[in-house]
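Letters A, B, C and D mark the chains in the order given here, with residues in each chain numbered from 1 onward.
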Amino acid sequence: MMPAATRFAGRWVFAVLVVAALLAWPLFVEDQFYQRVGALVMLAALSASAWNLVGGYAGQISIGHVLFFGCGAYASLLGFTWFEWAPILGAPFGIALSLLLALVVGGPTLRLKGHYFSMATIALAELARIIVTNAPVLGGAVGVSGPAMPRSVLDLSFISPLPYYYIFGTVLAVLLLFTWWMNRSRMGFYLRAIRGQERAARSLGVPAQRYKMYAYLVSAGFTSVAGSLYAAMLGFVDPDSGFGILLSVKMVIAAALGGAGTLFGPLVGAAILVPLEEITNAMFGGGGTGITYVVYGAIIVFISRFAPGGLAEILSRFQAWRARRAG
Amino acid sequence: MSDRGMSDALLSVRNLEVRYGDLVGVSDVSLEVRKGEVVALLGSNGAGKTTVLNAIIGLVRPSGGEVLWEGASIAGQPAFAVVGRGLALAPEGWRLFVNQTVEQNLRLGATPLRDRKREAELLEKVFAFLPKLKERRRQEAGTLSGGERQMLAVGRALMSAPRLLLLDEPSLGLAPAIVEMMYEKLQVLRDEGLTLLIAEQSVELALEIADRGYVIQTGRSVLEGPADELARSPEVQRAYLGIGGDEEPA
Amino acid sequence: MPADAPLLEARDIVVAFGSFRAVDGASLTIGKGEIIGLIGPNGAGKSTFFNCLAGDRQPQSGSIHLRGHDVTRASPEEHARLGLGRSWQVPAVFDDLSVRENVMVGAFLRHPRTADAAAAAEQVIDFTGLRPIAEARSGSLGTPARKRLEIARALATEPEILLLDEALAGLTPTEVRAAIELVRRIHARGITLVIVEHVMEVILSLADRAVVFHQGKVIAQGPPREVVQDPGVIEAYLGRSLSRKARA
Amino acid sequence: MILAQVVLNGFLVGAVYALFSSGLTLIWGMMNVVNFAHGDFVMIAMYVAFIAFTALHLGPELFVPLAAMALFLLGVLVYYGLVRHVMRGPMLAQILGTFGLALVLRYATLWIFSANFLSLPENLLGEVQTFAGLRLEPSRVVAGLAALALTIGLHMLLTRTALGSRLLAVAEDRSAAMLVGIRPDPMQALAWGLGAACTGVAGALIALFFYISPMVGESLALIAFVVVCLGGFGSVPGALVAGLTIGVIESLTSFWIGPAFKDVVVFILFLAVLWFRPQGLLGKA
């Protein structure tokens, strides 16, 4: 057994190395395809980490988080369509709208237990998708586009994927720092207590409803930012790419694969799933979508069947096994 | 315990231990039921009576000891296998299928027989024995009163034509008049020669009908004897209320 | 609140499930510093009554006052804020959290800052003897340790009154003795205790006052050794011989 | 008169909704497992019907039972292969498991058949008839009436037969069912088989008048969830009433507001029910 201090220092060294590697690797990869995959991993990790606050830490499994993603995506591009704003200027409005929505629908929805909560979130997201599809002022079924040619840096329109990688990475870092801080503070303790035993938590004075709402609000805000950035990168959003149910599911899956309710779980999950998706897509061309998601689905079935706690569970099982062998 | 005594035992439980995780349900209970006997299993609440019955019938898995039915071990077998061997339990809290009718509940009780003709005969027999159930046959079990539910629980257990009927607190939560009627019915079953193992908190009630009794306290057998001896024994009261002694809890 | 007001007072509590009245007009007054044993045969309604006191269930009628505040309809978290702690019949610890973190969840109620909550938790961990397993994930603990952890967690909310729901059921005699010792030390800190318990020895050795529940009502209360001699109580426990024909 | 036509159309579609929702409610109520692949079961059944018709030249009288059998097998397989292992696990595992299954089914179909919309010939069951001023499409009428009959049949099976009684016994109280000698595992597998067979029939019937595509399951699943929530979990009569109601509401919404908004009304209704009566409109408190 290592002394605690060595272990602690070792952890920090490890963390610094990982961050350095994350910062540096795109510079060594010439291929734009892989740079783009890197950017998408960061984006997926960002939305999955945002989901993780509600779904992982607080244990409220939302399958309609795309509601906030879509708000962010549409806000940034509608700002351009209506007022010719740089897409990023729409992001604060996306956040504001998401927070407002979270506040309004979160009240009744967060009272629901288990499956009912999941169902309600699906219905809300689908409702948003249908409304947007049928509102010409919001672009209707066709969707809305950003500026065709970049006018300034504020348009966040770059040819190279690298700037996106760093932008997404920075926001992700902010979110992870928040999560890390939260996890050590009262809020983190309360959320995990609520996830474990809500009744018992309340008997210890935990205002469960209020803390679930806090998590929901922060999560909605960050998800919205992810949506705004995604729209700025793509320069286009339509009801399916903004509010499609599959996007919600991908957030859940990335977090669950890596380990829901762990700090780096969503990042690990995204780092596995996104390359898998992009590479199979590239390998099989346009017709690859089928195979990609079959593989995707099979992985999920496999995980739920054999390691419901995700890779984090496999890792801790492995550590326990090693500890048993050592001890 | 002599070998001869064991050989004519229908049911024999030896040093039964049941743990829920690492929580001890019962730690050391032994008892025996011979054919045609009525045996009372006594103890205050929390003593482990329900756990003993559930372990015999296979709803919980014993962690130690033996459960022998006609000399063969049934310990650890699931309940659906055990009831097929001729045991039946009218469980604590009745555990009726409240959304199904009285008749459906009774017919479900006959599942182990796999014999529709016997099922029909037994149904008539149970209706004759418990006429109240016949009146209510088309009603959902959830609409019955407490006493009727207890009747139905007993009736459902009888539908598998058991050779040993286990009853878990047949008097629990019932008004005195209903309890009296319940015990009169049990008396009839006894007179017909059915073997009964009755877990009861109510000592006097159980000992009026029983031939022999066992007292368990915090998961252990502490007393056993013929019913009339136990009825007079001051130790029973001590086992229940923990009075009369200054000894440390053991 | 006036100095002589009771700490917890329940008046005419009724809880009905359909036509069945689990608690049927029960009243109980608890003064500061008491240890009360709540006993009664199976199905007497004591668990339901206990849950009303703990704020986990609202009675259909009657009133409950905690330190002078009307808490009849108050949430469980409101009860905790007002100084009521409880344990659960089936231990409800937070499995994913370590023992220390479990205790900290309780400590955060009075100490919002992490460092303060951690310090408060350390004291409770020492007091309850959980030090050796403080780092263990509570999901990996056995039931005796979980029961102790529940008490520790509730203590960390710094309650004035602690309600224990069968905190000793299923423990071995040694564990029971250790638990009794813990309860005595908690009481010595000035914390009022209400204990629901099956094991009569526990009530006899701990409680100042035993309150006997039967068919949803309080049928007797007083010093435990007197209460268990009460003919009504003996009858409730042992049952009554019914007037009927002699045995055939 | 046109209103009567609208209501009739809604009623007939609603009967099919009721049938495939009955399968979901059976499983949900019995095991508290939500099958997120339920809509994709319906989709698979539609493809089974399509293949049976085009490749094997089977008529509806044969491809409907065939779809039922195929889906029954699928249901049993899914129970033993997946559900049995995740049903007592954390909820996230249940959701992931059945959602993963949905993805596999949906995209395997997409891979094999591409995203093209397929359909069976419109006049498979004859030409449109007019009766008392109502326009009757035989495919819809047959689908609606058959679904109605089968939903009622399922209800009868559950409430009037020994087998149904055992199924419900396991659903209500697993231990008590064991106490009367029932093995719970095969009963639960059977429930999955029956639930899936209902979607099999429903899918084959829908194929008579609806386009077939790999993505069709998604919207159907949402409708099934709504129906189950409205009707109460585990209640087949509830699903019947709720299914018919949803069908008629959708039809009326399409007529009065526009086809695009039919789901909006349904989802708002769904949320309202979840928020104010989580046990369902017809469910017991």
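Note that in this section contacts are C-beta pairs under 8 Å (C-beta built on N, C-alpha and C of every residue); 3 or more make two chains touch, one makes a residue touch a chain.
Only a predicted model underlies this, so the values are computations on that prediction, with no experimental measurement involved.
Colleague: Chain by chain, through touching neighbours only, how many steps does the shortest route from subunit A to subunit B take?
Modeller: The distance in steps between these two chains is 2.
Colleague: Please indicate which chain is farthest from subunit C, where distance is taken between mean Cα coordinates of the chains.
Modeller: D
Colleague: My parser should flag the chain pair with the most contacts; which pair should that be?
Modeller: A-D
Colleague: Using the average of all C-alpha atoms in each chain as its centre, how far is it in Å between subunit B and subunit D?
Modeller: The separation of the two C-alpha centroids amounts to 44 Å.
Colleague: Would you mind pulling out the distance in Å between where the CA atoms of subunit A average out and where those of subunit D do?
Modeller: The mean C-alpha positions of subunit A and subunit D differ by 32 Å.
Colleague: Counting only Cα atoms for the centres, state how far subunit C is from subunit D in Å.
Modeller: 48
Colleague: What chain pairs are in touch here?
Modeller: A-C, A-D, B-C, B-D
Colleague: Which positions of subunit B touch subunit C when the two form their complex?
Modeller: Subunit B residues touching subunit C: 20-25, 44-47, 146, 169, 171-173, 176, 179-180, 183-184, 187, 191, 200-206, 208-209, 218, 236-237, 240-243, 248-250.
Colleague: Going by the contact rule set out above, which residues of subunit C touch subunit A in the complex?
Modeller: On the subunit C side, the touching residues are 54-56, 75-77, 79-81, 85-86, 88, 92-97, 101, 104-106, 108-109, 112-114, 117, 153-154, 156-157.
Colleague: In the complex, go through subunit D and note every residue touching subunit A.
Modeller: 32, 34, 82, 85-86, 89-97, 99-108, 110-112, 114, 218, 222, 225-226, 229, 258, 260-261, 263-264, 267-268, 270-271, 274-275, 278
Colleague: Which of the residues in subunit D end up touching subunit B in this complex?
Modeller: On the subunit D side, the touching residues are 162, 165-166, 168-169, 172-173, 175-184.
Colleague: Would you mind writing out the residues of subunit B in touch with subunit D in their complex?
Modeller: Subunit B residues touching subunit D: 57-59, 78-80, 83-84, 89, 91, 95-100, 104, 107-109, 111-112, 156, 160.
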